[in-house]
Every structure is written in structure tokens, then in C-alpha cells.
Amino acid sequence: MLQLSILAPAVLNGLMTGAVYALIALGLTLIYGVLHIINFAHGALLMLSLFGVYFLNRLAGIDPYVALVIVVPAMFALGYALQRGIIARTSHGKDENVLLVTLGIALIIENLALFFWRSDTRTIDVPYAFDVVDVGFTFLSVPRLVAFGAAFVVAGLLWLLMSRTDLGRAIRAVAKERQGARVVGIDVEHIFAMSFGIGTACVAAAACLLLPTFYVTPQVGNAFVLIAFTVVVLGGMGSFTGALVGGLLIGLVESLGGLFLGETLGQIGIFLVFIAVLLFRPTGLFGDRT
Amino acid sequence: MSDNSIRFRPVSRRRVLAAGAAGGAVLAAAGTVPRVLRAQPAAIKVGLLHPVTGAISYSGQQARAGALMAIEDINAAGGIASMGGAMLEPVLGDAQSQPEVGAAEVERMNEEGVAAIIGAYASSISLATTQAAARYDLPHIVDVGVSDQIVSRGLANVFRFGPGFGKIADTAITNLVTINEAAGSPARTVMIVHEDSLFGSGLADLLNARLPEHGFEVLDTISHPTPTRDFNNVVLQLKARQPDLIIPANYYNEYVLLARTMLQQRVQPKAVYSVLGGAASSFRFLEEFPGAAQYIMDCNHWYDPSNPKSAELRQRAEGEGLYFTYEFFLDYCCVGLLADALERAGSAERPAIIEALAASTWDGHIMPYGPTEFVDGQNQGARPVNTQILGDDIEVIFPTEVASAEPVFPMPERG
Amino acid sequence: MRAQRYLPIALVTGGLALLPLVVTSNFLLNFLILTLLFALLGQAWNILGGFAGQFSFGHAVFFGSGAYATATLQIHLGVNPWVAMVLALAVGGLVGAMIGALSFRFRLRGSYFALITLAFAEVFRIIAHTADFTGGGSGILIPLDLRPANLQFEDKAGFYYLVLALTAGSLVITRALQDSRLGAWMLAIRENEDSARALGIDSFRVKLVAITLSGAMAAAAGVFYAQYFLYLDPGIAYGVGYSVEALLVPIIGGMGTVFGPLIGSFVLHGVDEATRGLTGDAPGLNLALYGALLIVMLRFLPAGLMGLAAQVKGIGHQRRTRQAHRLKEAGDA
């Protein structure tokens, strides 16, 4: 009965946490949808972006939201280069090799971060970090609300990009039929790298929105990478709407699971939902049914 | 706080080089001494085994830095006098936050001929390393590893300088009762928030068993994984049940998130009384979130503030761009403990060192433990200390003989 | 000649069995023990992934179940560790059969199968974290009692022979599989499951056998880990680390080959040790270098080290045709 009074705040809270998961999963789902690779470096790239935001704030006093205009393009370029320079060259078209290459990249990035920046937990101090909106029955954190809204904006922008631009059309063509796309003159390698770059840019955006309420260490990516995979599968690999809804849903499941089963056992809800989706609807909630 | 950039340097590597250079300088100096003087005795290798990469690398790196500084100091002061001024030579190991890697490092260190091993921070790693070292009767000083299983397996080579779970839980409860009674017993209900591995759950079990004996009612025990990404739900539950006391026991990152969320959601208990709280007695936490840190109490490993050496050591650590954390000073002391044993053993033979450690009555450390006394490998005087964050410093509030401030309890309204 | 097919295994095992006579360094012996342990775990993955073509990201679920089974049977039921080991293999096989039955019944393939194994490993980890009989987050400690009857050895060599016996067993099983119709069916499914079914192969049952066998083998690795280190917690037993290790070793060594996992394990652990030597004590640098070398290996050895061996032999073949029959053997060895 006591628990019922916190049900509503817990639901809101789950949705806001879920928005962050969605932000991180958006990039992953794009990369999976186009390249069909499971990108193990996604967590490491998130960590690198977080460090970028952190240093911009600490050394140059740049607000994390302003840092979007620096970190996002920088990470896009890095993602593009990684795909073009390393992943494409080492994968030989084999999925298992791609997997291990991204694993290798993650090892390099994480351990170089550890070497150069040590594993101290770093946080930034922004004036609005503790700001809340009083909605009567609970306080909602302002930076988390911002992230919540941003998840929709990013998903919307990605949708526009994919449906309204030539690049988007080319990406979709490559995702569906890479040989055919090549035949009609699309530079498939370039499109692959663009997709990886955009996926990485998404995770950079997530980093800018996350850091005001979180922290960064060289290992921080591991906290999110499994969840992001779950969201991608739940939503349907390659679907932006799916990633958004999937993220919110996973946030909700985690929040309510934590409330009723305890934080430790509650995590099991995420994976049970994940298994159920794989078994009964392997294309995910919004996946292509082909 | 204005200049955090000094903290970004890869200090460990630099310090290793510095230590090597210092050792080299001493050797070089010895080389210039006329040959008629006695030859420089062979250096004594000391294995420093910590998880400097992986999930708990921050603690491992802090511990390594503390041990290295101690070795530098001992060498600068002339090494082990009874062995002709033999220098200590660090042999560094990385357990990569995994027990089996830690055990493999013990094998390597054994082959390199270390006289003793100091480490391995985490309980799970220490269980593996002490057992591996036992095969070679290799003395192993456990720096932190609070699980009491480490010293209850009858391994003669194992010595733990700091306190274990049982002792920490007892002290935490005794001091809590004292603080509460002194204020007219305003606190009766408790909620425990703990991380769910060996350290947090072991502690929570002990607290759950013993708190009711002292008239406290444990409303709920919330366990959470490490890492936990969001604490709003936990805080909602705290807010709904309104316990007088909140007892967190978790690692640094989770502690910071929890404390920040509590402040944000305006949770107002009579006290936040941490037991081995990851950030509750951390200068970094205090510096970065003074608001969220204010009035937090902690029962944790802590130095004796009345010992002048502790202030000096803290200054030096901070001069190196390091925070003065318990990993740092516990490992610093463990090296001193070993050096004292070597001094009395007069030999780097393992049985002699084990014997000397077992008979140790060393009081040159900065901990409020009194002279060391080992029974079955556990230092009997080892005990945790209660601290409270007051203003811009971390004050010791218990035990009274080393206290630097009076406890502020119940805590005033925080804004 | 069937016996001849086992000759390389006998030679390799025999050679490895002689090592403790010359290797006096316990550090090296420990290195060999861990290398064989991961070869065993990699072989388990190889049967399911390399032969039957079903990629798992969650082999820790079998490794951990084997480890926990042996530990809990000893501690709570007082079962002799040798008996517990056999039972633990059964538990590993059972977990494999359960996951297999569920996911293959629902026709999960490719990355969907990979992800469901990952999810199961997480579910098991969380259960181990909250259950009482596993000791929860505090983990489980097997009492130190170094007697062979107890499956604990005073001498490192004892552990070495144990893991060598298990690894040799895995090599023999894999070779037998390779020569059997079951193995041929697995390969057919790997190459094209739909055509295999069209040929009348019961792909569900074949894959089920593969995952059961694989689960039991990975459980053997878990049992060895538990006996060697005597401590388990959910993060150790069911962590992502072993799942990654299990697939890394055969992919680098050569998937779908008998010796691939063994070779992969030696190379990867050799590289791991070498990078430590090269980079000194700076935290993290060795692992970064390891990652870089991993990428380089993938760049130049697309079919793993066994693929390279086959390639080298292939060049010889053009000149010396009389070795044709031996080449064929080497090509799929």
C-alpha cells in the first residue's frame, strides 16, 4: 500500500531513465540495421564521448548542452574513420570477425582511457544539476527531463534523415539490398561509414545529455552496453521508433521490477522481457517482417 | 577544485619511474662509494598486487600509489638497516579486477623471488591470491579485503592489517548506539541500502542481525547491483518509508549517485550513517558535492588525525595530485608493517618474515590501531573509525580519544 | 584408418603431458593450466559455433552452471567432488538442452540466437545473485583441503593433468564428432540450414545435441575453475568475460577445426603475457596492445590460425601432389 503511493513517480522515473537508454540504443540500432553488425565498441564510444563532454566542461567551461555542437560532429568523424579505416578492412565480410574487431576497438579505447586519464570517477558541476520540477506527488529532475525530450528529438531527426534525404534513401537501399545498391551506383563503403558515423554521433548526443546527472570512468560504457542491446532487439533491429519505445519500455520494466522485486532481482525483468520478445516476436516490436 | 587538471596525469606510471630512478640513484651513489666499504646488499623485492585495470581499478591504483610512496620513503630513510641498508624494490602486479589474474600474478611474483606480497584490495581477489601464495609459504599482507573468510582459512602466510566485516559491523553499531543515546535516542527506524556483492551483502546481513538487538527496527534492506544507473527508485522508497537512519554500504560511484539523488528528492533522515560508504569519507566527494556530502557519517577505514604523520602524508599525497583515500593510506601502512618485520627478521627468507610478522608489535603507522598484534593472521587492534563531513573537512567523531569533532546528530536541514 | 585420425591428438596430448617434467616454473605451469582451461571452454563453443554454426554470446551460462553445480553439491549435499564433477557436467548439458530446446523450437538463428544466450547468462547471474543456495552476492567458498580424493591437488602438476585430461577428452570428442554422421549434419546445418532440412536432416535435434554437448563441455571448464580457485561469485561465474573468451579462442584459432581452440588459446594467452612484458607496469597499456594485436590478427588471418596452416600447406600441395591425402586431413583437422 505504501508502494502504491510511489508507483506514479516510479513510472515517470522509469520513463526518464528509459529515454537515456533509447538515446544510446538509437545509434546502435542504426548500425545494426544497416551494417548487420553487433557493435561491441558502442559502450567504449559512449565513454569516450562522456570524457569529451567532461573535458570541455572542466577545461574550457563549456556547458554539456553546448558541447553537443562539438562532441557530436567529432564523434561522427571518429565513427566514420573507424568503419572505413579499421572495421571494413579487417572484417573480410565475416560477421564473427566484425564482432571481434569491435571488441578489439573497445579494448583499445577503454584501456587507453585508463592509461591517460586513470580510473577516477569524474563528474561535472552544472548550476542546474539539482534543479527539479515539482509535479505535486514528486520532484522531477530538470536535466533528466531535458534528456527525455531530447530522445524524441533525436529519434525524430533520424527519422527525417532516413525518409527525407538522399543520404537516408541510400542508407535504406544499402540496408535492404547491398548488392543492388552497388549496381545502381551507390558507394556502399561510404554509406556504411556514414551509418557508423551517424550511429556514433547519436551516442555522443546521449553523452552530452547524460553527464549532468551521471559520471564518467573508463569502464562506464559497460553499464549501458547490455541494456542498449536489449533495447535494440526489443524495438526491432534497425527501427528508430522501436529503439525509442523499447528504451522507454525497458526503463519502465527496470523501474517497476526494482520496486517490486528489489533492485538486484528486478534486473531480471529486463532479460525476461528480452527473452520473451526474442522467442515470440524475434523481429521486435517495430521490426521489419522480412 | 579550480585546478583539476593536475589530477589528470597518469601518476602511477610517473611514480613507478620516479621510484625506479630513486632506487637507481641510491645504487649509483653506492657505486661511487669507495670499494673498501661493504658491498650494497641485494634489494628486497616486494610484490604490490592490486587491481589497477578493470572494474575496481580506481581503488587499485590508489592502493598502488600509497604502497609505492611508502617504499620510496623507506628507501630514502636508508632501507632495512638490519640487512645492511637493503633497499625495497617494488614488483608491480595487476589483478585486472579478476581473481584468476590475481592468482596468476602471485605465481609470477613468486618466480621473481619477492619476499612478500601486499594486496589485493578486493575480498574476492584476496581469497585467490592468499591461497596461491600459501603454496609457497609466501607472506601475504592483505591491505583491505574485509571478508573474514580471508583470515579464517588457517593460512599461516596471511596477515590482515585492517579490520574485517565482523569488527566493522560491531563498531558501527556500538558507535551508532552511543551517538543516538547521547542525543536522547531520537532514531529508531533504519533502512539499509547496499551493493549486492560480497562486501555489501555480507555487511547488510551482519547489520540486519545485530541492529534489532539494540532496539533499532530495520524497515527494509534494499540491495542494488554495481553498477546501478539510477537511484531515483531507491530514493523514492526511502522517502515513502521515512526511516530515521539511512545506512548505505556501496562503492564510490553508486554512493555519489545515491547521495545526489537524496539531496535532489529532499530526503531528510535524522542521519545518513554509512558503513564502508564508498564516498562518505572521500575528499573528492566532499570537494565536488559539498551540499550532498554535508553531515554524512561513515564508519570506515580512517587514519588517526591526532598523529602528526597523518597530516603530513595527506599533504604529500595531495601534492602528487592524489586524493588521500583509505586505499592509499592503508597500503602505505602495510609497507611499513612489512619493513618493520624485515628489520626484525634481519633476513628476506620467507619463514623468518612470517615469524616476524606474527610477532609484530609495530606502532609506526598512522592508523588508530595501537601496536599491531596478530592472532590467526588478523591484527587485533584494527578497527574502523567514525567520520562525519562537517563544513569543508572530514572530521573524526569516534573513537573519542582520536576524535577531532563532536558528532552533529540529528543532522540539520540541508538545502 | 580411424586410429590414424587420432594420432595427432595422442601426440599433442603426450607432448603436453611431458611438459611438467621439464617445466619447473609454477608460473609457466599456471599459464599452461589457464591456457588449457580456455582451450576447453573454446572447444565447447566450437562444437556449437564452429561445427553447428550457432553463435553463442553466453557460454558463461554453462561455465557458471558447471562451477556452481560442483560447488553447491559439495557444500550443501556433501557430494564427493569427483562425483560432483560428473553431475556438474550433466547440469551443464541440461542447461544447454533447455536453452536449446527453447530457442531452436522458436527457430532463432544468427544474432537472435547469440543474443538469447547472452540474456540467459544474465538471468542466471541474477538468480545466482539472489538465491540462497549459491551464497548470493557473497559468493561461495569451497573449503581448502588439498587431497586428490577431494579433487584438489597439493601440486600444480596435479591440476595440470586434470585439465589436460579434460582438454584431451574434448579433442577426442570433437574428432569423433567430425568423423560422424552427426558432425556431417552439423556442418550441413552450418552451411545452409534450409537445404539441410530439405535433405531430411532433423535440424532441431542435431542442434539440440550440439548445444547439450557444448554445455556439458563448458561446464567441465567451470568445474575445473571452481576446484582450482575455490571461490565463485555471480560476476565471476556468469560474467561476460568467459562468454567472450569462449568465442575469441576458437575464432582466432580456426572455427570448425579440432585443434583451432587449442592453438587459439595458446596464441591469445601468449600474446597476453607478451604484451605485459612489453608494456611494463603502466595500467591498461598491455590490454590496449592486446586489442590492437587482436585486430591485426583478424586483418591478416581471416580464417584463423588453422586457416593459415591450411593455406601454407595448400602452397606445398601444388608442388607435392603426393601429399594430397594428408593435405585433405590437415585442411579439416
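For reference, chains read A, B and C in written order, and residue numbers begin at 1 within each chain.
The rule we apply is simple: a residue touches a chain if its C-beta (ideal position, glycine included) is under 8 Å from a C-beta of that chain, and two chains touch if they have at least 3 such contacts.
What you are looking at is a predicted structure, and each value in this text was computed from that prediction instead of being measured.
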From chain A, the most remote chain by mean C-alpha position: B
Chain pair with the higher count of C-beta pairs in contact (A-C, B-C): A-C
Rounded Å distance between chain B and chain C, as computed from the means of their C-alpha atoms: 38
Separation of chain A from chain C, taking each centre as the mean of its C-alpha atoms, in whole Å: 32
Touching two or more other chains - residues of chain B: 10, 12-13, 53, 57, 61, 196, 223, 225
For chain C, residues contacting two or more additional chains: 129, 137, 282-284, 286-287
For chain A, residues contacting two or more additional chains: 111, 114-115, 118, 218, 262, 264, 267
Touching residues (chain side chain B, partner chain C) in the complex: 10, 12-13, 16, 52-53, 57, 60-61, 92, 94, 96, 98-100, 103-104, 107-108, 110-111, 124, 127-128, 131, 135-136, 147, 149, 153-155, 195-198, 200-202, 205, 223, 225
Residue numbers on chain C that touch chain B, as the complex places them: 25-27, 30-31, 34, 129, 136-139, 141, 143-144, 156, 225, 229-231, 233, 235-236, 241, 280-284, 286-287
Residue numbers on chain B that touch chain A, as the complex places them: 4-5, 7-8, 10-13, 53-55, 57-58, 61, 196, 222-225, 227-230, 232-234, 236-237, 239-241, 252-253, 256-257, 260, 263-266, 284, 288-289, 291
Residues on chain A engaged by chain B in the complex (per definition of touch): 2-3, 5-6, 9-10, 13-14, 16-17, 20, 58-59, 111, 114-121, 123, 125, 129-130, 132, 138-139, 141, 213-215, 217-220, 222-224, 227, 255, 258-259, 262-264, 267
Chain C-touching residues of chain A, taken from the complex the two chains share: 36, 38, 86, 89-92, 94-97, 100-101, 103-108, 110-115, 118, 218, 226, 229-230, 233, 237, 262, 264-265, 267-268, 271-272, 274-275, 278-280, 282
